[in-house]
Each structure stands twice: as structure tokens, then as C-alpha cells.
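What follows is a group of structures, each given as C-alpha cells.
After this come two complexes, each holding chain A, first together with chain B and then together with chain C.
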Partner chain A sequence: MNLNPKVLRWLRFLSPLTVCLAVWEVLTFFNILNPRLVSSPSYIMLRMYDLTVLNPTLLVYLYRSLYRLALGYGLGALLGISFGILMGMNRYVHWIASPILSLLISIPTIAWVPLFLYLVGIGDETVILAIFLGCFFAVVYNTMNGIRSIKKELIWASKTMGADSETIFFQVMFPGALVSIITGLRLAVGYSWRALVGAEMLASGISGGIGRMIYAARSLNDVNTMFTGLVIIALGGLLIDHLILGLLEKITIEKWGMVRRRE
Partner chain B sequence: MKIGEFKSTLHFFFQSITLLAIFVAFLALWELVSSLKILNPALISRPSQIFQDLWKLLSKTTLTGQSILITHVASSLYRLFLSFLIAVITGVSLGILMGYSKKVYWFFEPLVTLVMPIPGIAWAPIFMVWLGFKDPPIIAVGALAGFFPIVYNTAVGVRSVKKEFIWAAYSMGADEKTMFLKVLLPSSAPYIFTGVKLGLARSWRTIIAVEMIAASLWGLGFMIFDARDYLRPSIIYGGIMILAFIYLLIEGLVKLVEQETIEKWGMVRREAV
Partner chain C sequence: MGKGGRKVKLKAINVTKVFEEGNRRVMALQDFSLEVRENEFTVIVGPSGCGKSTFLYLVAGFEKPTKGEIFLDGKLITKPGPDRGFVFQEPTLYPWKTVLGNIMFGLEITGVPKEEAKKRAMRLIKMVGLKGFENAYPHTLSGGMKQRVGIARALAYDPEILLMDEPFGALDAQTRKVMQRELTRIWEQTKKTVLFVTHSVIEAVYLADTIVVMTARPGRIKGIIEVNLPRPRSYTDEKYLAIREKVLNLLEEEVTKSLELQRKL
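Let's turn to the complex of A and B:
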């Protein structure tokens, strides 16, 4: 049998999952696991069908979440990269900002949410701020390290060959730090996603959102919706990571022949 | 060697001093700005107010005679300890099994890849349906969150042991037990340690988050969230400061353990963020 290695790899990946799902389904079907406490794959599928085709609540919720994620992450990435570059290039900024940064990094993002709820109220802003923080620190830290790890010799060499500061920045420093920046951006997706779910849960009364959906389902003891939310969160995180950032990696650092760092 | 050690101690000392000085300067500036009445004190508390209120919490006692603030901190740390313990025991065992046997790896690897990215707090509502409120769901979710980085890194570590080492040990007549204790475990120790570190951080974060929604009455997460309901911003700010302080303390402790074990044994591995 000649199977495409790619297909084979997928089969290897999916077969244990299929076994688990089948066992899970059988256990709930024969009531060995209480279906009021544990959902089952078929129930999850059914609920997904309900919430997308019959009544597009899930899509609306997902749209709200993605909108918040895009704003918070975009803002965090933009400011994070700029600030990280500043901290990497200027010794004084680094001296003052790096202790503050290491102090702030050690606070869980979720701990800021009550403060944001208090300061700006229940709404998109709270969630966006939380996502922003989750993203910002990872990006700043990695960008700064990337810039600071560029060999001094490279900068000296380009200076002696007559490069002006603009050329040095765009041709030496930025590409040199890019592997690290993209690592930061990638980590930040996970952090933002986490911050999104957490903040949406804590902001009780916020309109829409996938975290909100799970949390609201709890008060109704609706395990099917909760499990559906979990599946969406898992798949969403994986998809964003692989599609968007995988692509970004492919068109930049892999294309330029830089080594890709394995996580 | 001695001079190098001295230098690194000196460096660490200066770093801590700088950190402290900048923190104090920041607090002083904050106090100054708020005393000029630029900031609305109902939204942004003054540092003196924050410390005063924290002190009040520290000196006020519960019905059983313990300090309120200490009870909050202690219940969070107690939960962290239990869930971290569960996460380490289960995570390291499954990780070693996954690294040891190809079949176990084949079965569990997709599951770990798929479930690992789910934020810990997303599990909280389900665990609350299963286990109710207070300690049980908080500890369970904390353990679950810490479990994944430990499993993942342990499996990677055991799998990354060079085949040559294993062959060499076998050809010199090592039995399974010696193999495991003298070859596999020491060479994967740095990976396991990385996983345990990541797991500890993840458990801590998740516990704080779950405390906010699992209505637990005690715990730092609950303290902060509750302060919002009663419009006590100073407690929110103070709670956040305590969180940062505890985390730095835990991090320092972990670093100390690392220096005494992994680094002493000469098994340093590059830090992953």
C-alpha cells in the first residue's frame, strides 16, 4: 500500500483521537458517564449545529471575541514591537524599563481584569485591555532580547562599510531580531487567547463572546454548551497559531533561510 | 572561580537594589501626583492609602483569630501547593511513559497537543459543575493547567536522550533499573525541570483566575475580585502588588533550587521564555 506520507501522518495523529472519541461516546450512550454531567461527542456536534445553522448565536459570539482579539492583539503587537526596539537599542531606557517590566510580567494578566472592570466598566474595553496586556509583555520581552542579542561586530562591520543608521536598522538590526520577534508574537497569541477567555468570563454581563458563553452555560448546568465552547477555544487557538503565524513565519524567516527555533 | 561567583553575587545585588530603587521612586512619584489631586482618588488610590488598607487587612482578624490578609495568601498558596503536587506526580509519570514507549507516545501525543492550548480558566465552569465550589474545583483546574507543560517537556526530554548512551549502557550490562535511574532520568532532568517551572507558573496563574469565579471566600484572586464589588480600589492595587511579590519570591526559590541541582550537576539548558 502506497500512502502519501502526509496522509499517513494525519492518520497517525487522528487515530488515537478517534479511539478516544468513540470510547467517550459509548460511555455516555450507555449512561456509564452521567450525560447531565459529561457531554458526549454527538451532543457537542448537535449543539454546534444548533448554535450555527439553526440559530447563529455561536457565530455572533465568535465574531465578538475575534473582534476583541484582533484589536487587543494588534495594539499589543504594535506597541510591543516599538517599545521593545526602543528598550533594545537604548541603554538608559533599558536600565529604567527592564526592572519595571520584570515586575509587571510577574503579575498574572487575569489579576488586572478586576481593576479594568473597576476603571472602565463592563464592556469591550476591559477585554481588549486584558488582551493587550497579555500580548504586550511577551512581545516587548522577546523583541528587546532579539535586538540586544545582535552581535556588536555586525553593527560595527556595517558601520565601517559606510551604512547610515537607517540602513543599519532596516538591514541589520530588524532582520537580526526577527526570529525573536516572531517567537514573541507567537507566544503572545496563546497569552491573548487566554486573556480573552478569562476576561470575558469575569466581565459578567458583557455582550457576546466565547468565554461568556461558557460561563453563562454554567448557571444553567448546560454541559453541552460548555464542552462546545471548549472545543471551539481549542480549535480556534490552534487555527490562529498555525494558519496566521505559520504563514507569517513561512514568508519571512523561513524564506530568508533563518533557522526556525523549535518550541 | 571565586571571583566569578563574587561578581555574579554583586551583579545580582545591584540588580535587586536597582529594582527596589525604581519601585520606590515609582511609588513616590505616584504619591506625589495623587497628592496634587490630578488623579481621581476614587479610581486610582494613593500608595499610602494602599499600604494603610493592606495593613488594616493584615491586622484585622477572622472569627478564628487569624489575620485576614494572611488567610487569603495562605489559602492561595495551599491550593498552589496541592495542585502543583498533583500536576508534577501525574505529569512526570505520564511524560516518562510517553518518552519510554512509542505506543504510549503515539496515543497521547495528539491529545496533549490538542488539549494543552485550552486556557485553564476555560475548564473552570465544567469543574464547578462536577465538584461544586471552593477548594476542589480550584485545585483540580490548577493541577490540570500545570499538568500539560510538565508532560510535554518530560516526554521531549526522555525522547531526546541519545540512543548511543542507551546502547552504551546496555552493552556494558546495565539492567532496566540502572538504565532508568542512571541514564534516562539524569539526562532528561533539565527538560523535566523546565516543564515543572512552566507548570508551576501556569498553575499559579490559573488558581488566581479560578478563585475569582469559584466563589471561594478566601484566596488572593477572590480578595481582588471581591474588592471590586465593594468599590475598594486600594485593595485591588494592593492585591496586585502582593501577587507580583509572591511570584517573584517563588521565582527566586525556583532559581535557587535550579542552581543547587541542575546547574551543580552540570546540566544547564538554554532558557525558553
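Let's turn to the complex of A and C:
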């Protein structure tokens, strides 16, 4: 059978999921899994309908989360790339910052949240700060490695052509480090997303957010809303990674043959 | 004036290069002096580790000599610059630039207007036999094609001298022969001053006007052999074989020494 490779990829991705969902549905339908403790795909779908079409709570909550994510991730990425470049290019900066970084990087972002709550209070800022940290470390580390691992011959070649440092930076160093930078940005999506949900859960009393929605549902024993929250978190992370960063990768490093196409 | 009435283009005087790694010092070159004449194709051959590539890096300005001086057109070399073109052993193309983009890069840096730069780059693409590939990205090219781009890129901004560091060393035997023939053709069209480094005697005698045979480390000049054969040369021609024999004899002793040096390390 000759199938379009794109269709085939989708099939390969979706079929194990479909099987899992079907088994899950059957198990709950026949009460093998207690529906009071475990939701089911059909209930999750119903709850999603409730929370979007009937009453847009989910959308409002999601918007709040995405707003925090955009700010924290954006800031983390921007500063992470800038500082990573600085660390990669200047050995003194590297010398000073590297040990500090390797110590801080081993602290899970969520462990900072109580401190942030104490320092800046319960609000968007705490969550944004947590996301920022989650993103920053991943990006800074990978960017630095990207800059440091550029082959010196690539820089020599441009110097032979008489390139000044500005040209070398924008036309050689930055594109040369892009594989690592994008790797960092992709990892950072995962870390930021985790930091977001964790911080929202810890910051009791904060308004809105997917993490808050799940946590609040727990006190009402609302299993279906909790599961709905989990599904939204999973889909959200996947979509951001695939749509935004996957596209960025496709039009740059994949086109240039610097990474192999992922199957 | 050098031999044959030609102007001396490149002059190295008593160049010494010592590499220090930790507490080990390696003398790569010792009191190495050389003259390269204008419009000539000069090839340096020597056993591996004799410092021939090091010398090329010093000429390019990538490294600085520990002692001694190198002059290009009477000017002291202190850093890399567009008066020298460099072709690396491994193709060192920018993966994010197309064939055309790679070749135009040097021209853009020197401020040649875009239209003119493109015209010149297209002419070079044609000369190195890559017409139709101008919009291809390097990862889609074969090793031989990549080195053609490398040569075109180094010629694009019209340097005074072309430095080539075993550019065909990574290619398979068949492609290598094709590239030697192509380089001869390109050189005859441009008559650029070339300084070419290789460990292949076959390649040296095929390409060179002048062959500089180097000693084992620390590298010094063992002998200089002029090759006055018409081009394109034949690998089986009697005169070719006689010169090859001469170079091989000079080298043999040094290769043995070099092997002993390596064994001692």
C-alpha cells in the first residue's frame, strides 16, 4: 500500500494513542476502573465541552497560564541566549559564571517557588519568575555550548575574507550555534511548562491558571476536571514544541542539513 | 628577483614555531626559510607531522610564528586578511549558506555591490564546474563538489596568493585525480600564485612548478625540485616518473625518521 509519508507519520503517532484511549474507555465503561477515582476519555471530552462552550472557565484559565508562560519563557529565552553567547565568547565570563551556573542548574525550579512567594508575594510575578528560571538555565547552557563548539576553521575562513567581528558574530557564530540554541529552546518549553503548573499549584490563592484549576478541582473531588487539566497540559506542551519550534527548526537547521530530519 | 626572473611573492625568513601543550614543547618548524615566486604553483611535500600545514597556518595568519617573519609582497604578515585565500583540508563551507552564498560571502565583506558580486560568483561557479548548483546547500554536495566550492570561495575575492592545505586529502582516489586535473585547468586560467601542501608525491609532481621537500620534525627544507613539464601532465610519462623518483628518494629518508619520531612519542 502506498501512503503519503506525512499521513503515515500521523498514523504512526496516533495509533498507539488511540489504542490506549480505547482500552481506557472500555475499562471505565465496565466499571473495571472506578469512575469515581479515574475519569474516562468520554468524560474528559464532555468536561472540555462544559468548560469551553457552556462556560468558558477553561479558556480563561488557559489564557492566564499562556500569558504567564509567554512572559516568563520570552524573557528567559532572550536573556538566556544573550548571556549564553557572552559566556561562550568571553572566557573570563565563562570562568566566573560556569561554576555558579552548574550549581544553580541542579536545583529543580519548583524548589525556588516558596522563596519567590515569600519575596514577591502571590501573583503573576511568582509564576513568571519560576518559568523564567526554568527556561533560562536550559537556554543559557545550550547556547554557551553551541558557541564554544563552533569549528575554529569556520571563523578562520571568514577572517581570511577580512570579516570584522560584527560580521563574524552574525554570519558565523550565531548561525553556527543555532542547532544548540534551538535544542535549548525546545528543552526550555518542557521545563517552563512544568514550572508553570507547579508554581500555579503552590501559589494558593492565585487567580486563574491550569495548575490552579487542577488543584482547585482536587478539593471538590472533581476527577474529570483534574484529568481535563492534565490533557490540556499534555496537548499544550506538544503543540508549542511542534508548531513553533518544529517550524523554526524546519526553516533553519533542518534545511541546512545541520540536523537529521526526525522521523 | 628570484630564479627565472619572476618576482618573489612570499618570503619566509628563519621561521620557528614551537607549540606548548602543558609542559611539553614541540618544535614544529625550525629556522624555516622559503621564497614563493609570483604566478607559480609551489607545492610543499613532507612526512606527516613535519610542520608543513603549520607553515601554511602561519602564512594565513591563523597562528603566529615563535620566531622569524613572513612577508607577502614585502608586507609583514600579522593576522589573516583577504590578500590570502585559504582552502582547508576538510571542506569548511558555511552550512547555512548556499553555494552562491558561500562564494559571495567574501565579496560582500569587501563591499563589492551585490549585483557585481553575484556576477563574479556565477563566473567562478561555472569555472569550477558547478553550474546549476548555485542554490544548493553544502550538505547536498559530494566531497569533491564541496572542495570545488571551497576553491571558488577562496578565489572569489581575488587574493594575492592561494593557500591550499591538503585540499584533496579527504577525497577518494578517483575524485582526487579529477580534482588535480581540474585544479590544473583552473590554475592555468587564473595563473594565481599558489602554495599547496600535500604528503602525496604523485600529486606534487602533477601540480607543481616548484616542489619543496621538507625534513621530518622540526621541519626544514631538504631540497627544492623544479618541474618543467607541460600541463596537463600524465601520471605515466617518463619525465614525470623520473621527477617522482627524485622526490621520493629525497623523502624516503625523512619518512623513516618521522616514523621513528612517532615511535618515540
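One rule holds for everything that comes next: the second predicted complex is superposed on the first by the 248 of 263 C-alpha atoms of A that agree within 3 Å, B and C clash if a C-alpha of one lies under 4 Å from a C-alpha of the other, contacts with A are read in each partner's own complex, and residues count from 1 in each chain.
Going forward, a contact is a pair of C-beta atoms (placed from the backbone, for glycine too) under 8 Å apart; a residue touches a chain by one contact, two chains touch by 3 or more.
What you see is a predicted model; the values in this text were computed from it and never measured.
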| item | value |
| --- | --- |
| First (chain B), second (chain C), both or neither touched by A:W156 | second |
| Contacts of A:S102 with chain B and chain C, given as first, second, both or neither | first |
| A:V172 touches, of chain B and chain C: first, second, both or neither? | second |
| Partner chain(s) touched by A:I81 [first = chain B, second = chain C, both, neither] | neither |
| Partner chain in contact with A:L69 - chain B first, chain C second, else both or neither | neither |
| Larger contact residue set on chain A - chain B or chain C | B |
| Touching partner for A:R12 - first (chain B), second (chain C), both, neither | first |
| Overlap of chain C and chain B interfaces on chain A (superposed complexes) | none |
| Chain A to chain B touching residues, read off their complex | 12-14, 16-17, 19-20, 37, 95-96, 99-100, 102-104, 106-115, 117-119, 138, 141-142, 183-184, 187, 190, 193-194, 197-198, 201-202, 211, 214-215, 217-218, 221, 223, 226-227, 229-230, 233-234, 237-238, 241, 263 |
| Interface residues, chain B side, partner chain A - complex | 15, 18-19, 22-23, 26, 43, 106-111, 114-115, 117-126, 128-130, 204-205, 208-209, 212-213, 221, 224-225, 227-228, 231, 233, 236-237, 239-240, 243-244, 247-248, 251, 272-273 |
| Contacting residues of chain C [partner chain A, same complex] | 60-62, 79-82, 84-86, 88, 90, 92, 94-96, 105-106, 109-110, 137-140, 153-154, 157 |
| Partner chain C, residues of chain A touching it in the complex | 151, 153-154, 156-164, 167, 171-172, 175-176, 178, 252, 255-258 |
